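Just below sit the structures, each encoded as structure tokens.
Next come two complexes, and both contain chain A; in the first it sits with chain B, in the second with chain C.
And then the complex of A and B:
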């Protein structure tokens, strides 16, 4: 039986547990199918023994063929470099499952999502308010990700209830969703005592576009174009995660040169976003000179992007099974030259920031997210690493990054300064990685593969600049997408922001917010 | 003569704002807006309609006029610091009331922060002015006569007044005029609800207030005599030097705004604590005759 060691681990804690089936569809994925009464227990054991947050948790509507829903809960097995999924079939009549939320915080938003989109009740979850289908607009009883959903059925509309903090001198400060700057829409409800923040509830979902539904019925190739548009600042991260899922389904292994090219553009995306955020952090504390310098660096990276790929934001060059990048020696030289200039400017930028007392005073100790809290909340990616959570998908799965001796960059304090430092170091590390990749790419061969329509399901993933981006795809025999679940790191990390600002004063919120720099589009889908 | 001065003051004040922005943009390697942009903005606001919140009372409507009138009065009593401090307080008081009046989130936050800041900055301003007037024997700061160089006491008092001016003109490190972050605003938060002509009046008043502060600081740090009885080339030179001093102060403001980050709101206590100590030292020096 495959996956014996995992089952042994579970049996140590739950001696009576027997899986319905254990399958290893791909080398990096293992799926444990369980009975309804075991679901919660198994997830708890995996969560603890793998010390992994819930990485993705979603439902699939299989009622047309098998009269059931299926839910999948994905964990990350870091030492083995493997995704561990727990799957459960739920009958279509009175569908429910046992909630994990009270024991695993990182499951709670996923459960609310499953409830609002599929109508599967996470029994035992104390908070079933909707995330994206705002009650003022969407009547109850509409479950848009069900296959039989056609249009909004009229029904009761309700008001959203914010968590309330009461007491003498406590005020509520509502902010957004329309802000003074040109940024994404989000509503923030602060409970404050004077300036210090006691509680923050963020209400998102204003940019909900039904992206996951849009994927359904598309061919794999058409889906790729859509994946690039899910979050405009993470084009490559989403594109790579999607294409990995599609390639796993189609059984394609990409050529070495494609792998190098993809890694290079992924790092370029990381670099321009990191320097953008460094400038943003400086700007948010009114330190405009380094902000201007950061803008210049970002622009040079975007121009390098355009020269290399024809697109400033790296759109449209990734393909399924390949990549339409020539990467001839001239381009490689140009990129190397551009990067060395960029590195020079970046060093100057870091020096200005490091040497400014007034700046360091602002970021040091502001917006602290401690490691224990970050782990409990399931905060991932950059924000998690700044708090000491050592999760970086580039490291955990065999890839080119191993050859290039990639190091996970972590901080400890979890404050704005730590997130800034992680960005700075990752920027430098990305520059180094690109140089390594460019050295090796000339010896790599080109080979493009074609995708044939097949049915299957697989999880694709990539470590974007913000954190892990996950795509779970299911196709029918004609190669048409039946279900696509996207998990952007923003979805994991928004609760982290709410915790990080507790005790800070209101005027420091924008700074904390910028240091996380989470995506509205990626979260709202 | 006084009326002419007020008129010139109104006309020139926005230019000073445009100049500071221009210098800042040059320092940041940006092309930036024209030095005349404040005039275009004011003209635009004056020609626009107004939106007034339904919950606003008469205070919201009259506040811009009171604020503008206080700015005009500050030009009238230019240099007379006892009058100036009260005149500015009047404008600030009405602006804070008006910001509370609409009941919006940001107005209230802006008002409370403005009151917090001004409660710290006013004692500094008073003490520093006293230090200067102890030596000049007059409450008129512009009548300060210690040419061509200021005394030690006046220099220290001038620095303390400079710190006050930073707060009064909503500049870094206390406030940030350029920010788009509504949660961090102080002055901007209070005028968020204003539009059209009312906004134009408030903005113009802010420019005038800024110019008055810069004139006072220029006079305390780099004093010049009144041009009584001089004509011809010396008068032109006098006028030139008079303007250069003002521009020098504007350059220092711009440099400071570029060189430091905005401080945490509650750090303002330390900032003005420092200012108060400076002002106290200045007063001590003045008593000792330095």
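And then the complex of A and C:
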């Protein structure tokens, strides 16, 4: 029977548990179908034994064919390099499931999302306020991701209730949705006692565009264009996660040269974003000279991107089963030359920051997110690694990164300085990886395949610069998308920011915020 | 400190004169523009940016026009932190239902004379996101739009060129 070792682990804690079915649809995915009464227990055992937060948790409306909803809860099995999904069928009448939120915090926001989008009640979740469909503009009882949703029917509009801190001398400071900078919209409600922040509630969802619904009814090829526009600074991360899911469904593998090209552009994306944030952190403490230098470096990477691919943000060249990037010797030389110049500038930038005592003093110990809290909240990616959470999908799954001897970069302190340092080291590591990939690419073969329409479901993933980007796709026999669930690392990490700012003063919020640099669009979808 | 001085001396001025053939034209437009701005708005033109559902790429390019390479400020165009200080509103992204009120309020907070610029394909009619259950209205149904800059996202030079052209034609 497949997945015996996992079932043994579960049975050690829950002797009476028996799965309805265990399937291994792909080498890197295992799906355990359970009964309603076992769902919560099994998730808890997996969460603890795999030390994995909930990586993705979502519903699918299968009522047209099977009169049920299905929910999937994904965990990550790092030692095995495998995704572990727990799936549960939910009857279409009075649909509910047992909430995990009280035991696994990282499930909390996903449950609220399932509730607002599908109307499946996570029974036992103490907070069912909506995340994206704002109560002021979207009446209750309308669940847009249900298949039979056509338009808004009756229901009432309400006001949103913020969590309130009460007591003598407590002030509430509302900020946003429109902010002072050139940045996305979000509302932050600070509760302060004197100067220090004692509570921050982020109300997001302002850039909700209904992206997941827009994927439905599109062909796999058309979906790729949309995936590129989900979060504009993570074009490649989203595009790669999406194409991996589509390629798994179609049962095709990509040529080695394509894999190299994809890895190179993924690292270029990481580099321009990391240097952008390094500059942003400097700017937010009023250190404008290095910020200007960082902006110049970012611009040179964007220009190198444009020269290489025709797009500053690397749009439009990834394809399903291949990539429209030739990477001929001339292009390789140009890229190498550009990167060596960029490296020189970057070294100067780091030197300026390192040598400024007042700068280091400002970021050291500011906005601390401790490892235990990061783990509990399920904070991932760069922000997680800076706090010591050692998760990096590039490392956990077989890929080119192994032969290039990629090393996971982690910090310990979890403060702004740690996140800055992780960025600096990752920037250098990305430069090294690209050089390594370029060395090998000439001997790699191109053997790309075309995608044929086929039905199936699969999870695609990539380690973007912020963290893991996950796409779960389900198609019908004509190859048309029936459901697409996107999980951007921002969705995991926003709660981390709320903890990091506790005890800091409001004027330091932009600095803490920039050090996480989470996506509004990727979170709001 | 020494490294700062060294870097600064070695780098000299990085501000780009764009493509050589454009440069002369653009610089002269820039100078002309300065005059127009001085006449119409007094000294300089102040812009306020609002994201109504953008993916973030347009923001990145708008930030880029302010970087030392493009340096839009040299023509007297600044980005400001409050709508109260702004002459024009720059809007990006399709219009999410959640942002309709915020957009209107931001526009209302601006003093006259004022105008609205939309940036990026989504801001025209929703772009790729057209037809979504959460994109109801176009931006020009909430506020009057005077200029649209197309692109996904428009490059910094395109944004600059479009702004300068518009100022020269419409506001002269």
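In this section, the second predicted complex is superposed on the first by the 525 of 525 C-alpha atoms of A that agree within 3 Å, B and C clash if a C-alpha of one lies under 4 Å from a C-alpha of the other, contacts with A are read in each partner's own complex, and residues count from 1 in each chain.
Throughout what follows, a contact is a pair of C-beta atoms (placed from the backbone, for glycine too) under 8 Å apart; a residue touches a chain by one contact, two chains touch by 3 or more.
Because the structure is a prediction, the values reported are computed rather than measured.
Engineer: State whether A:195 touches chain B only (first), chain C only (second), both chains, or neither.
Structural biologist: first
Engineer: Report for A:38: first if it touches chain B alone, second if chain C alone, otherwise both or neither.
Structural biologist: Touch status of A:38: no partner.
Engineer: Which chain, chain B or chain C, ends up touching more residues of chain A in the combined arrangement?
Structural biologist: Partner touching more chain A residues in the overlay: C.
Engineer: Looking at A:361, would you say it contacts chain B, chain C, both, or neither? Reply first, second, both or neither.
Structural biologist: After superposing on A, A:361 lies in contact with chain B but is clear of chain C.
Engineer: In the superposed arrangement, does A:233 touch chain B (first), chain C (second), both or neither?
Structural biologist: Second partner only, chain C.
Engineer: Who does A:177 touch here: chain B (first), chain C (second), both, or neither?
Structural biologist: Only chain C is touched by A:177; chain B is not.
Engineer: What is the contact status of A:289 with respect to chain B (first) and chain C (second): first, second, both, or neither?
Structural biologist: both
Engineer: Regarding the shared-chain residue A:508, is it in contact with chain B (first), chain C (second), both, or neither?
Structural biologist: Once the two structures are laid over each other on A, A:508 reaches chain B alone.
Engineer: Between chain B and chain C, whom does A:436 touch in the aligned arrangement: first, second, both, or neither?
Structural biologist: Neither: A:436 stays clear of chain B and chain C.
Engineer: Of the residues on chain A, which ones does chain B touch that chain C also touches?
Structural biologist: Correct list for chain A: 180-182, 289, 292, 296.
Engineer: Would you pull the chain A residues touching chain B in the complex into a rising list?
Structural biologist: Residues of chain A touching chain B: 173-175, 179-182, 195, 282, 284-289, 292, 296, 356, 358-359, 361-362, 505-510.
Engineer: So in the complex, the part of chain A that touches chain C is made up of which residues?
Structural biologist: For this pair, the touching residues of chain A are 132-134, 136-138, 144, 149, 151, 177-178, 180-185, 205-211, 213-214, 225-226, 229-233, 235, 276, 289, 292-293, 295-296, 298-299, 302, 312-313, 315, 348, 351-352, 355, 519-521, 524.
Engineer: Using the touch definition up top, name the residues of chain B that touch chain A in the complex.
Structural biologist: 24, 27-30, 105, 109, 113, 172-173, 176, 178-184, 192, 257-267
Engineer: Under the touch definition given earlier, write down the residues of chain C that touch chain A in their complex.
Structural biologist: For chain C paired with chain A, touching residues are 1, 3-4, 7-8, 14, 49-64, 66-69, 79, 81-83, 93-94, 96-102, 106, 122, 127-129, 131-135, 152-153, 155.
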